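Down below are the structures I want you to see.
In the two complexes that follow, subunit A is the common piece, with subunit B as its partner first and subunit C second.
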Partner chain A sequence: MLYDQINSFLFTIIATSTPTLLASLGGLMTGLSGMFNVGLEGMMLVSAFFSVYTANATGSLILGLAAGVGINMLLGLVMVFIAEKLKADIFVVGIAANLLATGLTTFLGMWLLGLKGTLLFEKAPRLKLLDIPLLGDIPLLNGLLNGHHLIDYLGIVLAIVLYLVVFYTTYGRHLRAVGINPWVANARGISVDKVRYSSYLWCGFLCGLAGASLSLPIGAFMGGPIGMTNGRGWLAMAVVIVGQDNPLRILLVSWAFGAISALADIIQATTNFSPRLMMAFPFIGALLITALYSAGKGWGRSAANNG
Partner chain B sequence: MKKLEQFLTQIFVVGFGLVMACIVILFVSKEPFTAIKYFFLGPFSSRYFLGNMLSYTIPLIVTGLAGCVSFSASVWNLGLEGQMYFGMLCGTYCAYCLSSMPAVFAVPIALLVAFLAGGGVAAISAFLDHKMHVDVMVSSLLLANAIYYIVNFVLEGPFNDPASGAGVASPRINKSFMLPQFFPPSDLHLGLFIALALVAVVYIMMEYRILGYEIRITGKNPLFAGYGGINTSRVAAQAMFLSGGLAGLAGTIDILGTQGRMLAYMSGFGWDGISIALIARNNPITTVFVAFFFAFLQKGAENASLFSDISPDIAQIIQAAILFLVTGEALFDFLKKRKRLREETR
Partner chain C sequence: MRSYLEMTGICKTYEIYGTQIKALDQANIQVKKGTVHGLLGENGAGKSTLMKILAGIEKKDAGTIYFKGQEVELNNASQAAALGIGMVHQHFSLIDEFTVEENVVLGIEPTSFLGVINTKQMRENVAKVAEKCGFELDLEAKVGSLSMGQRQKVEILRVLYSDPELLIFDEPTSVLVDQEIESLLKVISLLKSQGKTIIYISHKVEEILKITDEVTVLRAGKTVETGATNKLSAEKLVHMMVGKYIPLEVPKELQKAGKVLLEVRNLNVRKGMVKAVNNVSFELRAGEIVAVAGINGNGQQEMVEAILGFRKPESGQIFLGDKEITSLTPRERRQMGLCYVPEDRIQVGSCSTANLAENIVVDRYFKAPLARRGWLNLKTMHDQAREMITKYNIKATRTDCLVGTLSGGHIQRTIIAREISADPKILIACEITMGLDVESARYVYDVLLEMRKMQKVVLLLSSNINEVMSLADRVLVIHEGKIVAHLTGKEGFSKEEIGEYMLGLKRQNGIKLEVS
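So, the complex of A and B:
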């Protein structure tokens, strides 16, 4: 009994932490290149809208996913272009992206569907829970790892892939070199522009998946200032700080943050504690974790401080 | 020269935003010229619309100032919305509790409480930054999200008026506490002069007082400020507290001037304040104009949606477009180069 409960608790952690994980990996890539993106929240919202809208219009999940990711990569390119070519402040550009996302998604919802608030896309195919037959025989892993969405698995795989990319490839070395000192990197023959453009493409790609993982499973979109992203972009920024430039640590930290959310859900379900008040719980928990971590570590070395 | 170029960039980008607005309207509207007419002229078309636009400017000026103060110190207080929301709750609750007092005492006390409440939330971020080195940007954002739910909880339960008829809302405060409205039939109220007075205070503080100087130096070059004997973390905390306090004031002034009760919703004034301060480049005087421009965009878009077929969210899109480009230092160089390139290839 207890074993089952623990198992389902861990299962929920993996399921709920996916958007935060993907967004913080995106934030990490931009932070490593020295241009931390504060527009994670906005990017996720844009992708959440476009992916479910396209899936609804075309009836294809793949096209929906591609549209969400594609639009986001385009947005990333525009952001880095404005920062690099027009010498704008990337921090301000990130804030502009958040503003744009809220306005644009509500505007498009009104224009294309004539609706505000929660948009239901009934014709959109839902992202299915996967059943991996190979895992069926292993008792512990089966309960934990089987039956998630495709994007949940992608999140974990991407964390591992990015770990290898960042620490064991030439590209990863260039990325980190540009973040540490762009002038030295430039003098050593690394194209700073190219590296930064690519980091924003990564960020667009990852936040695109994060946004799609919110809207595609339920076939709906919620816009507005507290949209369906619901502060996950901000949580992701805290994850990047605690994750300290390492994709695998980011995976662990976003699971820790997911554990807080899962705990809040359990308290909400089992006690009569106000559900509204419980929604503040993940943010306070994240703040406490960040504070405890930062107090131990000292500051000035995380990717978020590079930007 | 640098100043002039910045000013020209600001003007150019605002013009670009307006042109983009027209293009978007042309593209999506079935009756674009009516929509454009109401968008640009609607807010000025009657005393009612003009007054309401100015009334909407008031909280934007104050949150803009809040942004200016902290951004000047390079303290990235992005939690203005949360500080404002909490300040609003405390200010409204205080005014509600003091119902039996004469307005001369109750209103200043409510405003003071709102200032302290907003500042208090900001002080948590400042404390975490000072003691534990938590990035102010992240802590203030996380706090803003937490506060949103906590305040809504209070408004739904303990401090709720079930008969409000306006969604989830607090009870009304005493009518005699309301700031006088002087431009009927609109709800433009005396808060305008409070806001302008705050602009003057912040301007004088930033330009002529020691704290303002310390804030600016800390913002420009913390190392230099530190060598000069300035306690930069103290200055940063002070800037943060002032910023949160102003944000708290902004919401409460709006409630005392227009609604008379607190509604459970995100007004967005705090988020707008961030954009306004960034576009105004932390200049308190410019903030007034940018706040007015934001109010114009918002009210123009609402007007166009009222009398035509444009969704009011177009205002946010234009604001975002402006924000994207306004810090572009090389914007003009880039445009010049493009022109030269085109001439060369011709």
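So, the complex of A and C:
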């Protein structure tokens, strides 16, 4: 009984952390290029809508995924174009993307389907849960890792791939160089513009997957001010900060946040604690972790100076 | 037959927030292959701009460039690099968070497959280049942890890594101390003997005379003259640079020191694990210029930061007049008449993205007449700034131009204007003329001597021994965080003697720190 509960707890960690993980990896790539994207939430919402809408219209999951990711990458390019060429502050552009996403998806829902609130896409094929037989015999690890859908696994794989890209390839090094000092990077013949555009393509791609991972498994979309992204894009920003520009650390931090929300689910199911309060749990956790982390960093710094 | 390199009729105008800055106006330069060619001029004469155009970093508005007989268009740094042109920058173009080898190969990393960096190859390549010019550097150290001299070596390495034919050195000695300058000049001769052509930008006449074969003099964006160095004298070069002759001696009248204005007692400062300042005591009296001589990194900076309140001392006391200030905040100390011209004028001394007026009032905007009940009086602010522009001869057309658009010398004038107009009792001046042209430096000396005359005190930190010797009434020599000598100057200073103390070859016993 307890074993089952532990297994289901572990399972929920991965299931709930995937959108946050993918969005924070996207945020990380833009942060490394020196143009941190605060529009993660908006990007996810756009992709959540377009992927499930396209899947519904075409009956193809692949096309749905491609639509969500593709439109997001386009949105990323537009954002960086506005910031780099039209000289707008990237922070403002990110905020605008968030506002645009809420409005656009609500509008499209009304226009295309004549509906507000929760949109059900019954013809959309669902993202299936995968069973990896290899994991079946390993206790706990099976509970943690088996039976998720494709994008969940993709998230973990991408975190590892991005770790290698960021720290072991020329692209990664140029990306970091541009973020730390664009003038130096430019003087070395690294195209700052290209690197920044590419980082937003990554961000669009990753947030595209994040959004699709919300809507495709359930074949529905919830828009409006508190849409189905439900603050995960904002949470992802905290993950990027605590993750210290390292994709593997981001993976662990996302899981930690996932564990907090899994814990909230359990408490909600087993006690009479206010469910509304429980919904705030992951965010309170994020606030605490971020605050503790910053305080710790501050301590470390002053200790290094005086100690 | 064209020269190896010819730049003709080069023009460049910057426009920043409506302020037009004409950096180059029909400038020309011709360089012969295999020579060391000096490019001499005052701060703001356009030397760096001309060479940045050659290195592909800046784009010219007009003019033509011929390199090896071919007309070339240089739109970016990689094009220049591909042609074999490399530039060692004055402000190092290095990334502090990266290691030495990562900085050297940045932009041209050796790869094995799929853009994966071949670390082994990188290490071997960099080590080979370092060996070739005799540099001993820890290739895996973060650049941020290195001294200025070492960083310059990294910068040279990074240029040499792509094996250029033509090397540009932009004011390479402005951040170095004497010993480091010697080794740099050796590196330059070595490179020349390896067949490379070198353009050496400087405003220091003695260096130009020492190492160049030919020299081009720029003044206010125009070429004044080009000629063989051995046919030119120092006086003639200075004359061409500034357009008028400026004597190099400083008139200093004898005067007796007054009451104690600043006293430091048994000061100890730690920086990380290192004891940066070790039991330092001294006092400064009204009407003095006291120099602290020492090689960079011997605790001068930490000592100054402790006096100013930027750094917490481990132990010891600091008195301003008879009031102890050890636990006061930097602003409180400033309000009591302690002012500071820092060595790093870009990061510490000014804010490049704020305008000139804002930079001038930054220490007093919260007081009348600039502020009343929390509201700023912008008109007064700009009026004051305009006054400063005239009084301190700052080359700026508007009070709202960004300080980052001024040349180094005029940024320094802006900082000095602010510090002196704060009416300090004590001025701590760190490398105050570093990187300045003759006229600006001369001006700074007048300002310091005027303070001395007004019965104030200047604590002068400088690695320029000539400056120390001609200005100071007393010299404190610092070595490894300790005051190793106190020279009163009654017998006069000798350059060799100060040098020996600075290098730690000699130290005084029973140093007397009071002035009799």
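Assume the second predicted complex is superposed on the first by the 292 of 307 C-alpha atoms of A that agree within 3 Å, B and C clash if a C-alpha of one lies under 4 Å from a C-alpha of the other, contacts with A are read in each partner's own complex, and residues count from 1 in each chain.
We adopt the following convention: a residue touches a chain if its C-beta (ideal position, glycine included) is under 8 Å from a C-beta of that chain, and two chains touch if they have at least 3 such contacts.
Keep in mind that this is a model prediction, so the values were computed, not measured.
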{"item": "More subunit A residues in contact [subunit B versus subunit C]", "value": "B"}
{"item": "Partner chain in contact with A:V184 - subunit B first, subunit C second, else both or neither", "value": "second"}
{"item": "Contacts of A:L277 with subunit B and subunit C, given as first, second, both or neither", "value": "first"}
{"item": "Doubly contacted residues of subunit A, that is, touched by subunit B and again by subunit C", "value": "304-305"}
{"item": "Interface residues, subunit C side, partner subunit A - complex", "value": "57, 76-78, 81, 89, 93-98, 102, 106-109, 111, 114-117, 270-273, 312"}
{"item": "Subunit B-facing residues of subunit A, complex", "value": "38, 78-79, 82, 85-89, 91-93, 95-97, 99-100, 102-104, 106-107, 110-111, 225-226, 230-231, 234-235, 237-238, 241, 274, 276-277, 279-280, 283-284, 286-287, 290-292, 294-295, 297-300, 302, 304-305"}
{"item": "For the subunit B and subunit A complex, residues of the former touching the latter", "value": "28, 76, 78, 128, 131-135, 137-139, 141-143, 145-150, 152-153, 156-157, 266, 268, 271, 274-275, 278, 311, 313-317, 319-321, 323-331, 334"}
{"item": "Subunit A to subunit C touching residues, read off their complex", "value": "164, 168-171, 173-174, 176-177, 180-181, 183-190, 304-307"}
